[in-house]
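First chain written, first letter: the chains are A, B, C and D, and each begins at residue 1.
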Amino acid sequence: MPQEKLNIGVVGLGTNGSMHFKQLQHMDSVHIVGVADPLIEKRKEELDFAGIDIITTDYQDLLNNEGINSIFFFTPSNQHLKNIKDAAKAHKNIFCEKPLSKDGSLRECKDVLKEVENARVKLQIGFNRRFDPQFKQIHDRVQAGEIGTPQIIKVVARDPFVIPYDFIQNSGGLIQDFTAHDFDMARYQAGSDIDSVFIQSSILIDPKLAEFNDVDTLTASVKFKNGALGLIDESRKAVYGYDQRVEVFGPKGMLKAENVSKSTVECYNDQNISLKKPLDYYLTRFEEAYLEEKNLFVDSVLNDKAVICTGEDALKAICCSNAALKSQETGQAVKVQY
Amino acid sequence: MPQEKLNIGVVGLGTNGSMHFKQLQHMDSVHIVGVADPLIEKRKEELDFAGIDIITTDYQDLLNNEGINSIFFFTPSNQHLKNIKDAAKAHKNIFCEKPLSKDGSLRECKDVLKEVENARVKLQIGFNRRFDPQFKQIHDRVQAGEIGTPQIIKVVARDPFVIPYDFIQNSGGLIQDFTAHDFDMARYQAGSDIDSVFIQSSILIDPKLAEFNDVDTLTASVKFKNGALGLIDESRKAVYGYDQRVEVFGPKGMLKAENVSKSTVECYNDQNISLKKPLDYYLTRFEEAYLEEKNLFVDSVLNDKAVICTGEDALKAICCSNAALKSQETGQAVKVQY
Amino acid sequence: MPQEKLNIGVVGLGTNGSMHFKQLQHMDSVHIVGVADPLIEKRKEELDFAGIDIITTDYQDLLNNEGINSIFFFTPSNQHLKNIKDAAKAHKNIFCEKPLSKDGSLRECKDVLKEVENARVKLQIGFNRRFDPQFKQIHDRVQAGEIGTPQIIKVVARDPFVIPYDFIQNSGGLIQDFTAHDFDMARYQAGSDIDSVFIQSSILIDPKLAEFNDVDTLTASVKFKNGALGLIDESRKAVYGYDQRVEVFGPKGMLKAENVSKSTVECYNDQNISLKKPLDYYLTRFEEAYLEEKNLFVDSVLNDKAVICTGEDALKAICCSNAALKSQETGQAVKVQY
Amino acid sequence: MPQEKLNIGVVGLGTNGSMHFKQLQHMDSVHIVGVADPLIEKRKEELDFAGIDIITTDYQDLLNNEGINSIFFFTPSNQHLKNIKDAAKAHKNIFCEKPLSKDGSLRECKDVLKEVENARVKLQIGFNRRFDPQFKQIHDRVQAGEIGTPQIIKVVARDPFVIPYDFIQNSGGLIQDFTAHDFDMARYQAGSDIDSVFIQSSILIDPKLAEFNDVDTLTASVKFKNGALGLIDESRKAVYGYDQRVEVFGPKGMLKAENVSKSTVECYNDQNISLKKPLDYYLTRFEEAYLEEKNLFVDSVLNDKAVICTGEDALKAICCSNAALKSQETGQAVKVQY
């Protein structure tokens, strides 16, 4: 039985873009019509473009192509708003990596989302963690009422090592790089918007971060509009690997997702009982999530279903980050402005 | 070989006092010389006083007895300050249930601790959780440097059911009843004092608590003097049992204590894999802790060792609670006044 | 409320006997009227006999005492048959350590059980593992029908170290020392008698065992009368501790008891995730079982209930061991003669 | 960088063949030159043959093609010997599904392996479980000496449901269908050949199996040539899913692989703590193993490395099964004839 395929264009083939591109090549539900990247010549050495019609440095070539239905953007964060605007104008459905915007004002973001709405195209933002099988399972079971309305939501996000300083400097700091994700996860699980945010943070790992006005250890205490409470903790360096956990507590029970290790082997010796460490980084831990987010986007386009992570969701993450930045600055709780 | 025994008096034989009394009866290192309780006649029906010389309604009779070296107080919280003061005056070593004081001013507490110091007697406050084998193991391994200096400390404390309203009304509210314990646990694990406290709280379980000006769901975000960060979450009702967990994260790793179930039996069936729920309440979960705290106190008296949980520790828990109450009231972070 | 107490005598205060004696001293339901041991003078230095009326080298003194209702025998295995016979003659209820007999013929064993029956006294043999909370939980849930009629029963029994050679030489070999226990456990869980036995064994740990005609590694494959199948594996030395596991598989699921560690603390570091080793030896692992077996015996006497582990059960373990010895000798499967 | 690709032919596109074919299509290291299946027209409706040059009902067309280096056979078991012989004659490297032969005599098997040897082509038999990440990890750690020389090896193999009767009738019975696999796994882990085999078996699940002279519940007790002992247990129906476990015990410790569930989500409620059931069947549980076995074969051909599971290994599994059948028939232990 011939599988219907979505004709797509892929923009941005850096580290993450390459990973996404390879996954797209193995998806039976898509046909990659074209790829665009400013360094497309260099990409040819690393990637296999066999069977792809359009290979270009300018993504406008993809937008102009009538045969392309949807565009996947894996571009730098500061280009996202423009990317989305351009694609909406060309009436393409859009999958764009998070965040919605790095430096854009709330006004600009809202304007762009308005254009997407007017163009009547679909837009999905790649908050990959929502598509992690563990976290999605919790969300779906919570939604099904298994533990009642969530009362306490906890998110742990710890990186396995301090990323290079230049990445940190361009990341917008821990709050924009980590906490925005975690606010989204907390909202996703709570089923309610965040009302206020309180941040505590420290430099406990790498003193050099002070030069970038950044921190390496952070906790966030949030209150949701429905009264539920949330706790987030983050670290830039967990020596045991990539630590990503979620716990949701409600009147009928608790669901919690422990870290993922692909090994079930237990070793008993004269010292202790030991298991393998958790998966070591986001590319392995969230490999399935990265695939699933694209699969679900393709499904939502092909079958006209609602996307799971909308531009609105991405906008709310930015609102929460803004409040968090202000809390970090003032040392006090801050109400989120939407 | 004859075991040296400590001659003791026991004051207060209510629910918790009875539990402690029975444990003391089975301890090879103590000899119970006397017991005191205002309702001592009623206690005789429930407890076995065979071999005990002094059975009295007035604990002064125990303080006056030269043969008694140490007094164990399991009295109502609002009597603790007076109990300690009286025993110090009589030059008895003192084991007293937490808290140090329920309503006493910081001034009064400090005065009483001064009297204890001047009397050169030992005073141990029964913060039982410090003596839980799991939490103590974490503390000891942290102290031994296994994970480096703690950066994030997390404490979960959830009760299995809402305790009777009259208990709640006399407990001083969730902050004094639960959070004081958790502040102590956080300090114990962090190895640093709490500098500031931020509280979020809600009524999500039982609306009637509003009448007592109390809450049932609470989170605390604390910062320690050394920059480490702490997160505490509490609930008055976890349907799966008594949920008491601790997690300590540092530069060399993480130690976490999961809940305790005495069962290792796993059942695999066509629905799922299931294990028994955690131990259901504090009397079972902390049974060993209650025994250990008394054993260590007796050991510290018999062998002149430092006690593990001092009056100073208990005082600091009160200082933290005071800051927490203020944070709850103001909705802002509050610096702890010691 | 005054607890009814059973008046008892205790015979045999060696290593295990001392442990049992101390547990009996802390049991609210017994009153120890007398103790007997050939080395009673030496025992006085180690144990506390306060409040015990009869302290003797000759257990006949206890049998002659009218005030004593039940006798607990913790004597060498080769005395058990005589002990039971003597106590039955004196019309005392009997708790006797396993095995029923070390060298006695089946004929002798049956004769003694007949005398017990005729004397109308209760006899419980101390197959302690039946009273382990984990194994008993499995048994009770199997009996309640939770997984249907067992089809496969697996028992693991591995010691933490090779016991001293003189113990080994007096133990009757691995089959009588270990496998008899495991046959009893398998029967207990299967709810059916063992029909045939096949043994494989090796010396893989300590070549010196060949001198005693013994082995250190053994597997048993058994078939039950109802067609269910059983597998047992044993080792004299597991470097990670005392390994005692049971798994029961049936048409509606599987129940399995993992080893017991009192620690729930998990350590995550740059090497692995580690947990504490299992409890290290039978005195710790089966501490609760040793207490429970006595509690249930006392309960069965005080309230005239059936004992859980009868002389008949102990006899059947001997029959299985006999078949196992023959299988080991012949290298073939052997039908159990009852 | 262009990845070197192995030019291959694929023979047999039934249920398992289709699964393998789809995996091969996604492998960057192979180029599928041709496919052969007697029902190739029907396969076209189900599978995507785009880019494949030769699509034929007769696999001789693939053997005749000079551009094809290796042939993958996913044909019925009774054709394997002929398949291997034909491919060896055509000087193709061979990947063939297990077993080496269903009904062939040992003589025939050895003759065919001789022809493979003379043709100097590589032959890998698809004992997929050896390539399971869990079991392979145990094997590799054992080989690295982590627990010393294995003393006890245990294998559990339980299917989630009774497969259709016609499959059972053509499978050669439980011993050839299940136990052959488990003998191979036991040998693989033990690092020693099986010397003798003892089988117990029963019909406890489905009485109808008696009509096919088959059983549904089976245990095997094996002794290895180096004295190590092995235990295998099998069931045709575990209601909780596909139960595949391995445990290896040695002088320095124990390695055991628990079942695999992709979910780490724990649910705590008022009944119990529950986890998701293990993966439900071989296609999911061994998905990675099926991919890995082909990857390693391709790697061994491209880089002239030794294959991991040889014809010799497959032959030994048959020898063990033969002994097992004889043991089942005679009720006695049987020495394996190689």
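Everything below uses one rule, namely that a residue touches a chain if its C-beta (ideal position, glycine included) is under 8 Å from a C-beta of that chain, and two chains touch if they have at least 3 such contacts.
Given the structure is predicted, the values throughout are model-derived calculations rather than measurements.
Pairs A-C and A-B differ in how many C-beta pairs touch across them, and the larger number is found at A-B. Among the remaining chains, B is positioned farthest from chain D, on the basis of C-alpha centroids. We define each chain's centre as the mean of its Cα atoms; on that basis chain B and chain C are separated by 40 Å. Computed from the mean C-alpha positions, the centre of chain A lies at a distance of 58 Å from the centre of chain C. Distance between chain A and chain B, defined via averaged C-alpha coordinates, is recorded as 42 Å. Taken residue by residue, chain A touches two or more other chains at 238-240, 243, 252-254, 268-270, whereas all remaining positions touch fewer.
Within the complex formed with chain C, the residues of chain D that make contact are 149, 151-152, 154, 158, 196, 198, 200-205, 217-223, 227-231, 233, 235, 237-240, 243, 249, 251-254, 331-333.
Chain contact summary for the complex, chain D toward chain B: residues 238-241, 243, 261, 268-278.
The touching residues of chain B, when paired with chain C in their complex, are 1, 26, 45-46, 48, 133-134, 137-138, 141, 146-147, 252-260, 262-270.
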